[in-house]
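Taking it in order: structure first as structure tokens, then the write-up.
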């Protein structure tokens, strides 16, 4: 019998992951399990309820001895934070209820990233059923919103593409360096970004030795990019965003073209970016062109800067790991901020 | 109005493919369409009936203008040969009926490769429902059975693994060069071998940067290898066969260990193999260790020979393209033989 | 002794490949060997002189029984056409001499694609030593220049990126559909485009699971794209082109943004493109977004068309196989035209 | 000016890496840098002397601010341990000198793994020049030799293939479960195992979509496997080992066949293995067939056990990350033991 008073456990963050069996859920586990200030109280995964984590992810053998359970059996009384890693459309069904019993919710899906339910319906192709939370949710991009995130009850974790794009554009747009219209964004995504599911389109034979663009002009991250950048800069912007699927497991590569509105040197832009992100531990401004392998399995966003004198354009290249800075890592960065911990805790 | 008598079309082979929407079906198309002595009469694919081939395989744009239809609408009166490219268990449902109206049927599935229905049930996990055809079917490995294939009504096209293994072992076993027991066969297969289907296990994210063995001791190709080799050699053999899934799209790599029963040099084994396959246009005995890329998209089987003096073992390595020599190419080689054409017609 | 008069061989094209050991050289072999109207007279490859083709490319076993030789031993008296597949800077050293003894030369390198030696020096970083041929060479893009190619002595085979870009842009630019400035071109290339050479940067470990842009603003294909499009349209154009290296073996994926200068529907643009390429056997205008796997190992260029109404932009996506339509296939298409054969001979 | 006495730094391990620019060197850095009980004193890399680590490995930006230097400028007075990560043949040139000034040396190359200089010469193809150290070096497989490693001055870190093989075989061989002859070992290796170098054979275009066996019967790991297993079991063993190169970056997959010498159930073998490795934190005995992705970037070795009743064989499958348990991770595990730290320090 153990009688020791566990007074010192007051600092423990008691976390629950809902949708824990997907790739983002597994990545949350990978990053949270080594921490001694976080306790995983329960893992909710409807389709895998009753299974051990190691049945789905044998890599966790001898490090994670947890099982998934159904939402119905989960208890939230003493839970400090819930990560919701469900497909868009599913999160909004449970988040309103969760907020009654839990102080802090971080939604990794797309349901609370937009403020307009009509735009949501246009791009997500179904009605929003929790509109009252849209204005309350805080967009969880720490490099932009840390001071709001700290007070948030509901954080909408950014999309993977928007993370790579917004971080690259913020300094240039906020400084007026570039014109806010005519911006062209090309992004290449690894396959894990499409989630863990049985799909012919994502089978190895279809994806390997292949590349294809998709959802040209209609991707649901378009209004997210637009709204966040317009709110951040107070200016209307216009742009095109085209995602491509490429045969890698993890990573997003983004190449952005924008028209320079000022005569600047590459060096001056570097200085501007360095200054802008001086306090951001996860943004690295590179002297060379970034590459995906430098950020895989990290929470870094690497940004490259090139000026094209012939066309007076600024070319920004940025890379992230879609499962880390594009999902689970950023969610944990948000959690750290919400608990007033150093944002890099457990992420470096 | 066209009045020309098409007398000269008597030589045309009128072919139908059932299960035409899978990878083997598409590979049959790729190989048959350029031929001017074969006419594709109809393509049957239940799940894709009504769709154009180019909807599933846009690569065929401007070269294939055909649509899939259902089995119910297909007509077989003037069909000369039917390729059945259905999953095991499906072929046996339709082949008995087909043989009433069609002279020649080539089944690319596993339903008619074994002669014992009880062994079939043990490895394929369901009853055989067309046992009466098991003894009639001819095992369609041309390098072994051409003289029977020419007279066959029903050809059972060999499995991909057995093709790579039997071709490698036949000369050594038939010549008594090696002991018939204790043979170890390791095979590595590309993912297209698992067929075209939505499956989490075959998704890019699961397969890429990964390798795993599977069905150790229980793969359905084990009794096929055993029966064919024993019939061909008149000797009982004993072996282990272990398949592995590797992240490539096409190809099988097989490495075989057998104990030498005679004192021979590598050069003598080479001569034995060269002689054995002198008339086989698709078997190449290599001086170097074979590699998969040399046979991809071809009907070749490359075989490498090494003697290990320390352990008195013969090591055979063999490579094929699982969709060509392991499926569609071999089926067409069989068709050529059944119509008394040179076996390499349209395959080189 | 064979006394038969070979009168009927008058139609044979006697071809030589210089730089035959690289990937483009091997692709020329793959495409030319099956033809019965082309005879490969000799293969020149300095670094591999004396070796059999099958030592470098075992895939050719039993189909190609040729050896490489040095330039010094090659004879050009009865050669009808020479393919020069050397790195840029090497071709110009031998082409002037070749033209003394050979009627038709097709250079797959970059040495004769530009008309200005100063621009050549700026982008290729060395002097041009055969300037007198720059104005004589015909740019070998058949869809643009067939009527000049037919009379050419020296054809400069286009670069792989320019092929995918120019074919996509020609109809829109020539018709005045888009503005000639502010065009943004993003291209993704497979690794075979970098040639066959020992290089840390191109090693599997560096390229796999990675993506990186390179030569932003300085790629040698920039002036080629510019000059060809300006000559073809009579208008000055301005654009940005950014190449990326992606982990696939073959293929180029190009995504182009241009500003519409007219109010048109996607359907009208489709009609325009269909009409423009009605006689082009290798350009396919797609209703869906193209993907690389549809053109791999073919001479096709697939083009996709999307209009973005929000930004009034035309998005063009185009795919080719960099070794076929981007190199060897296009070279053979040019050869066919130069010998007044149907341009698709041996390529479909 | 800082006057604080750094008394508490007595526990710091001052480490140097020689050959630090290769993949194993970089992996050592990745694993050592986060530790607060290890100080990297200097990084030696002849070919990259003067360069910053981040020039070769940009991924280390903002976490590693070190440069490579030449061996000549390196100082070893206050160095506690040196990791030598040089190609075989290079290590033996410097290790004798190093041992004069440094207490502990861990060689990741092959120079001190064998005890016989004649066998070394036979398989490594050059003379051994430091024979006197062969008997002194301790083979650094902690699961076998921890009690010797703790006292060693020179540890020979095992080869990647031998690690995956010996760990799988040790329990079965030591217990007499299997016959010591006729063992067949097939291993598949990722490309990083071949090191960081410019090589046509290892280029993406050659490796991708390809598989090939190599060095059949002549690989330098053969005598290492033989000697270590014979010493550990006191029995002569005979086996065949065949390595294959497969298109993945990291990982080794090993499949071993051995003849059972006793009538046992799979469950009994599992119990034997579980007991054998009860105290080994990095060996996991699996109920399922192992797969590479479960061990990538970890120091784990996963082992699968299957009995084939038909042939009375034991099939062992084992997987490791060749750069971690097969190189840098194991080297650090050895270092931990040499400094009497828990062996998993910094590795879990």
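All chains are identified by letter, namely A, B, C and D, in their written order; residue positions are counted from 1 within each chain.
Definition applied: a residue touches a chain if its C-beta (ideal position, glycine included) is under 8 Å from a C-beta of that chain, and two chains touch if they have at least 3 such contacts.
Computed from a predicted structure; not experimentally measured.
Student: Among A-C, A-D or A-B, which chain pair copies the contacts of C-D, with over half of them the same by residue number?
Tutor: Equivalent contacts to C-D are found in A-B.
Student: Using only Cα atoms to place each chain's centre, name the chain farthest from chain D.
Tutor: Computed centres place C farthest from chain D.
Student: Centre to centre, by mean C-alpha position, how many angstrom separate chain B and chain C?
Tutor: For chain B versus chain C, the centre distance works out to 37 Å.
Student: I'd like to verify one number: the distance from the centre of chain B to the centre of chain D, where each centre is the average of its C-alpha atoms, in whole angstrom.
Tutor: The answer is 41 Å.
Student: What's the distance between the Cα centroids of chain A and chain B, rounded to whole Å?
Tutor: Computed from C-alpha means, the inter-chain centre distance equals 46 Å.
Student: Chain B: which residues touch two or more other chains?
Tutor: 206, 209, 247-249, 290-291, 293
Student: Which of the residues in chain A come into contact with chain D in the complex?
Tutor: 58-59, 61-63, 209, 284, 286, 288, 290-291, 293-295, 297-298, 302, 348
Student: Taking the touch rule as given, give the residues of chain B at its contact with chain A in the complex, in rising order.
Tutor: Touch list, chain B to chain A: 23, 191-192, 196-200, 202-209, 247-249.
Student: Within the complex, which stretch of chain A touches chain C?
Tutor: 182, 184, 186, 188, 206, 209-214, 216-217, 238-240, 242, 244, 246-251, 253, 255, 257, 259, 289-293, 296, 304, 306, 308-311, 313, 315, 317, 319
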